[in-house]
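Have a look at this one before I ask anything.
The first chain written gets the first letter, and so on, giving A, B, C, D and E; residue counts start at 1 in each chain.
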């Protein structure tokens, strides 16, 4: 791994031999990060450490008064899952390099399958989940579980990770929760988690997420707005008006 | 070859001793990539591998639910042709470096002749095909086959490739399909393929492309729009409303 | 430390074995630098030296006709405090690198605790002080002293320093003075100093700052405006209309 | 010479021991390149090779259907002249580096004198030619041949070359053809060639250039417009409506 | 000294053991360069050489038909003064690096004191001269000679040089001629020269500068405008309508 691009700081090594690695970075509808962070909370996953990079926006995330690294790694040893979840998006110009490093790290922990979670705008009111794979054989996994993503493009960090997995022959699946607009969409995250449950038997209950859906929409929108509104000439701290999405 | 600029990842080595290399990158009228990808499908060419570069936009192209590398290499051993076809354009600032690497790679596979496919705006309604060559002797190949491109400029990746071939004394021909506007123009691609058939005896039937011309125009325009509309702050996936241009 | 990023030029080495390092860079409300520079004056702290970096805006600050380095280091040996105070903000693009170097330097002087001072916009008229910590155990220090900063983000140099301290397991606290707008806010600085007094027993009287509050607002606003108004094509010197905030 | 900046690709070495090197890059009025290319044609100079650089716009120039390198080197052994003529301008940000490399190359071919051709806007209707020199002694050459350029600035590649020659003590003269606007001005080129004839005894007839003046203005304006209009997202080829300026 | 940043090309070594180095770069009111170049002319100083840098705008300055390097070094051995005078401003982004190299060069010629000349906008009609120093002891030199510059900022190359001298403990004084606007102000230059005379006993008569004040304003404004108006796509030469400011 290239330390000039990403440093992985583990407080605890993973105990899983060949994990499934699920990644969720902020993207359209914030589907990936809402879903992944929710799974971390529901399964009470073990915190392993964080990724740090000069290419991540320079920002500390506060949670209960304590600094939370913005890009975090967790595991659930019994389900053999490692989750990489983030509060900050990857800038498109950094996608290629960051994507390569994340896949290199995945190889270093002997990942057996990569799962990318993201949103997709399809201009409808439904909450379908679309699936794509790094190779044809993996489509069987998706059959009857998700709609096949026949033709289109995936940009950004998820696109870069899928390309790298294809190049390096690492099995990878992408689940895309349908969302209508750019606003945070916990219901798209719910649909995506339910598809994950079907494919991987995670058994994560989405009822809490459904209850909090409205509250989360407000909160996530404020956090996202803080990110966008960060003024270049001033450091600043901001606090959203509502808060617990985090358990 | 400079791995910091392009990596060539072959799943299969080319079996051709001195191939003709045909390249088609997206450009005006999308002539180059429509034509090259169509030939790949019609001749049912063998997939060899892909090119990956930090200078290509970070995006995964989905086809039938499977990740397709955006810059792909195919061969048809019987016709001794290798095709380099792409779904992503090369940014002008990267043209020089990418052009040099592509020509270096062409040398490494002992190419005997390079053929570049592109569009040309000549403000008319016709669908002529213009030809240019890296040296005078090659003009004979073009005589009666295409209109000679007497005076003008070719910018971007095709211009860089033609210059590099001239510098390194690799025979190269450029075929430019006349197109009226910036919109995808499958009919310009048809004219270009027919000229290729005449010069190289490819025997590619263009009837299917003619049937699909209208459908392709819509589809390619949507894909091109997705590329342009890719929002910097969000990763996203998009699906066009119509789809099969790909066989 | 990486001399290409920051050079630390000490005229005098620190005499403190394990100091508390307090940093105050210009940010929203200029809370950090007003507070830190005021403490330096009130405690008549000893000047140790300065930090120089190509990433700081190229500018000399004049004080009483003498060049003042814009990023300065002082100590008060009896209270075991080192202060890093600045007249220039750190550009967000440089936050990551500068933050890392500042924390490396803090480690090199065997800092036992890092304290970051900044402002926070909470859209109210109060002058509360919010606290955050690099780890849970430190929250006890903040209990009853400051409001816990439950959820939100801290950007810029303070965010980068807090993240680095978290990564390197250096105890760090951040005190954020509530301010209503982007204008210099000495009253937020007063509240922050009083919280520091409560936590660390500094005993710094804020009465002078209260007297001068109005004068300082005008002066700091002018200095900040000079920074923003610095014309790229011309070097220039500017003098604010009012002046002594500095003792 | 620094190959990362310019590569010189000679198909034929120069046979001249200490040549006079005349350079003409596109600039105001396109005086330099119209004049130098015309001299190449009239004297039927021998093509030696080309310069290639990542700092030149990526573009192939087509002439009679054949790729013409945009920056070309010719010689006339009997008159002991080497000409460096270009179809592409040098971007100001690249002037310093390109200028240094061109002068290094000039030293490598043992140039005895450098002559730069350019345009100058003096807001009049005349077609005077102004002269400048790298050192005082060379002014004698210009006396009675051209108006002395008493005070002013020369920017871009010509300015960088004149500075480098001054620094390295290579005799250099600059001839500036007076032109009224930014449009191509073959009549300014004619005046400049006639001054060259007087100083160096070139004996180049300008009658053909006078005949073609109108046609050239149109053609060069179209070519220049193609350069400016090159769309970043698309490679393209363009053909001007009129054509032969080239013999 | 770092040759990638500045090269010093001396045609003649300085004969002074520990000179006073006076620098005058174009800045607000063009005070620094008008004053320094005028002193060079009045004292008929000996030309030593020039500085060249990729960070200086690429431009040749013509004077009496001969190329003048834009950043020039002169000495007056009897008065033990070296002057660094420039026709081109230093871009703010280059100030830090250029300032460090200039001060390194000053150290290499064993400078005993650095004097920076610049302008200052104080929004009045007067022509006072303000002074600042790198350390407190030097203020005595300025007492009764200039107004002490109590509080403010100096940006650009002068600010960078003053900071570097402070860091490296090289005695440095800055004289700032009060000017009302951005226009060239020879009268501010006159006031500054007279202050220099008082402090250093230079004995430079300013009468000629007073006579020419109006003519110089016009001329310098035209030269400055040429610098700003230099079109990126075209090299160009320009000649101002009036001319001798230079003796």
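Methods note: contacts are C-beta pairs under 8 Å (C-beta built on N, C-alpha and C of every residue); 3 or more make two chains touch, one makes a residue touch a chain.
Note that this is a predicted model, so its numbers are computed, not measured.
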Size of the rotation, in steps of 5 degrees, that lays the CA trace of chain C over chain D: 145
Interchain centroid distance [CA atoms averaged], chain D/chain E, Å: 35
Centroid spacing, where centroids are CA-atom means, of chain B and chain E in whole angstrom: 57
Sites on chain A at which at least two other chains make contact: none
Overall pattern in which the protein chains touch one another (line/ring/star/complete/other): ring
Going round from chain D, first to chain E: chain order: D, E, C, A, B
Of chain A, residues touching chain B in the complex: 25-28, 89-92, 95-97, 99, 118-122, 130-136, 139, 142, 148-160, 162-163, 165-167, 172, 174, 176, 182, 228
Of all residues in chain C, those that touch chain E in their complex: 9, 50, 52, 54, 57-67, 69-70, 219, 223, 226-227, 230-240, 243-244, 246
